[in-house]
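Pasting a structure below so you can have a look.
The first chain written gets the first letter, and so on, giving A, B, C, D and E; residue counts start at 1 in each chain.
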């Protein structure tokens, strides 16, 4: 008790602040307009990240002993997350209609944010699990915010997978914790590979994180949830929240455990497959949803190879993806052709950046990632530029055709500014951080070979986009493999099958039989009652008893 | 020897009474049978008590008590029989009556 | 010793006074005699508790000439239990047997018969003389038969006659045994008999006496007289008949098998007795389950509950008497006798209240009665707890002791009987309970005085208390217990 | 004083029970004062005792009945854990019940039995010998019956009958087991484990099975659980108490006592009976959840959820590894807090909005936010989400299962988590996301109903959040395991 | 010679008993039973038990016979259903024979007779007749209870009355023809019976007789007087009747309690006052027994036979 905490309280403050902001809607008077404070929620985290994520905190009494410390790469992750959340919050504050539902949205927004930040600060598995659960489950509310049938259905799918992921995660963490006899993430990670059932634990972890990270084939929720969620929700989901799964993989998978290969293979499949599948979509948000699947696939490949560029790549991806999703919202809000054009230009630039077109930030991210990879993967990474360009190009095409619901001009400006900020950051920030993230010199990205490697896939991709536009790809429902699953609602009604009736019938029969036997036993005394018989038994019994008594022995 | 004769008579009376008790449904006759059993037992006791050099008075006292008690029981039983007959017209217990 | 005399004489004197005095004096005289006797019963128990068994040589004559009376712990406990029951019955009868309710005949006859019955019971409890026991039993039986017949219906008369026949046959069988014992040994005193030189006729004597007493105790298959008799008597009378009367003949059995002729107890005979008891438990339970009248349910429950007491024979009798578990088994059976007495009397008094309230004891007519008569419903529930053998009641203590001994003796089937019987009891008592506690009342309810309602409640509470404070009765029962073995269990 | 305190604690609910029976129907103030007063006194005594016990004091009071039949009241850490729970929740439930019933009929009877029920639970917790445990166990059965039947309508009575039909054979089995055991070992006190060498392993297994049947009925182990869903006909405070504190907990508590204080963990392991029990508990966990999924009444669903959740405790006890034991013990408290919250809320929905069915919950979140938040917290705790209480127990159980070499426990936990989510999340989904029906009513203008729910929900959150602190239930459970069952 | 006589007597007894059991018709059976009682009394006399013989004749044969005859008469007038005819019952016969054989066997298995030593104690009671000594001293408690048993039976019989009849006089109305045999008998018998009965009580102390025998004779007198209409049947509520019923056991009991109050044991009669005290008790008992038996025989209050 003497030391309720040890260390610096700053990490805790970073997490608690969003929670406090989240309490604003609890006050009924503030509830309707609570969304307005959302941009404030991530600010301490941003500052914390800019300060280099200093400090470590140990709270022995809380939970099972909470340990907060920045995970490796946390600065970048935190910065990205905070930025995306800030801008998305800004967007939300401007667009969401005031009212009680907005209040709920605001509350859970903050909770999700806290969880999202928490996964980068957790030092022990329980805290990590808590943060992970918060980010997974609270995001449910972000998905279903619109309460349309589509949103609710998407929410159902989302929560199902999220819960499955949580369960898997729990198994993995428990196996790890039991093996390590310690709750610190580092110990658990070390213990996992040798633990009895460690492989099962790792598999469970891969599944759990994979679901969150949109790893093929567990990515199902992404393409369904994104179109259904409100724009800021989609932005944080694909920009920041998916990174929670990624950081999990980074934190928990021990080196050389064999699971790396699995990640690489699945990552490649996702990286290319998802991008191509995105072409079957018409809704730009759905198309865009396949992009993070593909990008996360590439990130998983990086995780699998143990590359140091994961955080750097994720930074760019998060910012860019956030900008793109917000762009959709901005476009919808656009009132004039001019505005639309502006949005499309910005989106296009960001898209090219994601595809790795030098000298945008995306190219740097890719270059940093390629450093030290085997040649095959380098090629794959380069090739992924084609698919990325393809899918994002297709996205832009679809985006351009999107119907608008114009918003007032000043509002649009705000929205556009937010989008612009993120886009700019996506383009510029990698340059700023290049020296930190990579051992390579600052001019390395500008080398011609690298420039070329950046350019040709994009050009090829643009060609393909043209091809696709000419021959429209088939239009499919979002959620690809979902179609393979049997249609099943989550609400299971009371069972009223034939079995129940049968059982009831049988019970009734037994009950009748028992009742009849009982009624018959009512007459059981009658044979004993007449005196001649009873007396006979009595006197004969007396003699018999006497004989029994007198029996020798 | 005489005592044995009386004792055997007593035993036989008991047997006879038991037969009557079990075989006769008419309640007054059943009461008679009870009395037969009782007096048979007393006869047996009396004979046993007379075996010693002097006649034992204790059994006689017991027997007198027993006879009085038997009378009391018989009186109540007879009263019950009469009351039952008056109430329901039966001189046997219902479950031993003629099947209707 | 004075207390013992008062316990014996006062009920009889009270009965004589009630007969002799004018009708209007009957109730006060009977009640004051009851109160005084009950008081001296407590005094007697206290003196037994402090000074051991109280012995009285009637007329100053020692056996074999005279009759010895002895109040040991068991007798004292039974006397106290009877005093409590009779006291409660008298209170209830004050209301229930009033001339206005029961008619002048029953109102006149009930009080002396109750007191005579009580006197006979007390006489039987303490008597050490086999023939004196016979006379006591006859007095008991005649008073009991008269109480059955008191309601005067044809049904009651049939029941009384059937009871009479069984009782007389039982008496004669018992008398036959007494005759053989005297013929063989020249004495009737239990104490002297235990020191006798064995004779070949003893087995026959014991067999005859036992069979006779079984008929009077209504052990299966000789129980057929009991339910109609107890169900057709007025409720206070039923309470006496069910709670007390079978205990007297059972006590004589105990005296015979444990004190007078313990060496004759062959295993086969002991097992047969307990086997019949076990059948009685099940048989009575099942039949109680299918009855539709409260009094019949309670009466069949008596059949079942009496069965438990017979489990004492193989557990504490014969060779088992020297075993460490004998004390537990013996005391358990006696606890059963005590707690059953209290609880069963409470139940019959409840039945009486129900009849007074709605004029019927059919379960269908009792529906919802607990709303109007909550104390009565509660009393029934409390009594039911004892009969089911649920803690912390006296019935539980009894069952616990018997079960423990059954296991210790390796005779676990008896434990099965105890457990199964408890469940059956729960089942058959549930029906009246559920009927009482439903919401929908069928018949209009006549008001019943609260004091009357309190009587069964007090009895039932006593039955529960017997379990809660069972240490003192346990020790009391050990006083003068035959062969006080090592108290291991 | 050391003998008096346990007795006083017992009396603090026994006396209100006794007096309440005789109060007139309309003396509401007196009755409420009496019941609340008793609850407060008891709470105070227990808090005092908590500090004293932490300081090393020990309390014991005994009343010999017959030889071998000793009523022994004794305070140990386990007893304290259980009794603190029951005292706290009794207090809250009393407030809730007073508000719930208002001025309805036959309240004296209700509160009388209500207090008696708590007295029985208290006695059960304090029992220091097997036989006193049994006595209070039975008293509990008997005092709950009138509570279940309280409405006296057909469903209630039939529920009450079903309850007895399960409970009484169960107690017969328990008594059988106790006597079988004690006939060989003499009276069993929880302080010193009995010498089991007098019995052969077969007999011991039989005794163990009988014990489990006996307490398993109360703990609602499948297939002995049928009474619990049926009992949902009872009024909400009864369900709340029954499920969270009294009956099922008594059963679970009994399992713990049997395994650790009667047989001893090592003997259980040696006899090989722990694993079958753990499997039975697991089957119960899964089966209860599956059945819960099929219910469309809120209370029924909660009831089956209880069936499932209580077996966590049994599972923890049966696994017999320290961590599992901690998980099981702490779940005793945690489940209590969470489940009572949910029952409180279910009662509020019923009482204030007339909502009984799951389908009627649509949109209640906005109308009754406090209630719904509490309900959601309870549900999420049940699913096992951190930082709610349920997570802590589940985590320890999982670790314990691995420690005990029973990794399949993880599978059970996962299945349970998923199923819990499957049957609780739709409720939350309806509460928060679906629009309310047009004729829906519902308000929260009954603070005495809502406040207890908020308190328990907060507690459920708090005990999870502060689990690692030494005064938390987890701290206590760890202490118990370390002090009493440690090597 | 005496053996032959005994054999003949016993044969006769058995034959008559057989007649009572298997004889056709209840009336015949009752007559056989009365005869049986008388023969048995002779048997008792043969055994040297004169008190028993007297008791058997008076109570066993006499009063029981009257009881049964009266009952039979009433049943006949009530037009009841006839009892079903029964044939021989082999099972019952087997049982009866088995019990008889068992008793017979027991007789031969009896050990040498032992008896309590009365002779030494008898002088302390002041009684010459050991039977009376046993009855009123050694086993006084039995005798007290026995007298109360009669009372209990009487109460039982009274309880069989119908409620409407409760205040009516006891028993049926007997209409003896004035000048008929019964009437003259009724006038003639009482004085003789009274003196005989009193003698029996008086003699009981030292010779044959006693309270029960004497009381029975007196009861017979009372009965005849009532049947003859000489003595009006009493009602239940009559104080005199009820006082007479309880005076015997009452005095007996009070004497016992008085002894306790005086510091002696229950029912103790010190040798000094034994004889007079016994006499007082006997007289009181006789009164009660006489009245009780008589009232027992005439039955409960009954206004008229019901018409079915």
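Just a few scattered comments:
Going forward, a residue touches a chain if its C-beta (ideal position, glycine included) is under 8 Å from a C-beta of that chain, and two chains touch if they have at least 3 such contacts.
Bear in mind the structure is a predicted one, so any value in this text is a computation, not a measurement.
Touching chain A and chain D at once are the following chains: C.
When you average the Cα atoms of each chain and compare centres, the chain farthest from chain A turns out to be E.
Among the chain pairings, B-E comes first (most C-beta pairs in contact).
Chain centroids computed from C-alpha atoms place D closest to the centre of all protein C-alpha atoms shown. Here the CA centre of chain A is 106 Å from the CA centre of chain E. Between the CA-based centres of chain D and chain E the separation comes to 72 Å, rounded to the whole angstrom. One simple way to say how far apart two chains are is to compare their mean CA positions; for chain B and chain D this gives 67 Å. Note on chain placement: the centre of chain A and the centre of chain B lie 99 Å apart, centres being C-alpha means. Taken residue by residue, chain C touches two or more other chains at 131, 135, 138, 142, 145-146, 149, 157, 162, 165, 169, 176, 183, 186, 200, 204-205, whereas all remaining positions touch fewer. Residues of chain B in contact with at least two other chains: 14, 18, 21-23, 25, 42, 44, 48-49, 56, 58, 62, 65, 69, 72-73, 76, 80-81, 83, 93, 96. Counting partners per residue, chain A has 529, 531-532, 535-536, 539, 542-543, 546 as the residues that reach two or more other chains. Every pair of chains that touch is listed here: A-B, A-C, A-D, A-E, B-C, B-E, C-D, C-E.
Put simply, chain C touches chain A in their complex at residues 162, 165-166, 169-170, 173, 200, 203-208, 210-212, 214-215, 221-222, 224, 227, 264-266, 268-269, 272, 283, 286-287, 289-291.
Interface of chain A with chain E (complex): residues 532, 536, 539-540, 542-543, 546. Against chain A, in their complex, chain D makes its touches with residues 293-296, 358, 366, 380, 383-387, 391-392, 394-395, 398-399, 402-403, 407, 410, 413-414, 417-418, 421-423, 425-426, 429, 432-435, 464-470, 474. By the touch criterion given at the top, residues 1-26, 28-29, 31-33, 35-36, 39, 42-44, 46-52, 54-58, 60-65, 67-76, 78-83, 85-86, 89-92, 96-98 of chain B touch chain E in their complex.
Residues 2, 5, 8-9, 12-13, 15-17, 19-20, 22-23, 56-61, 64-67, 69, 103-106, 108-109, 112-113, 116, 119-120, 123, 129, 131-132, 135-136, 138-139, 142-143, 145-146, 149-150, 152, 157, 176, 180, 183-187, 197, 199-201, 204-205 of chain C touch chain E in their complex.
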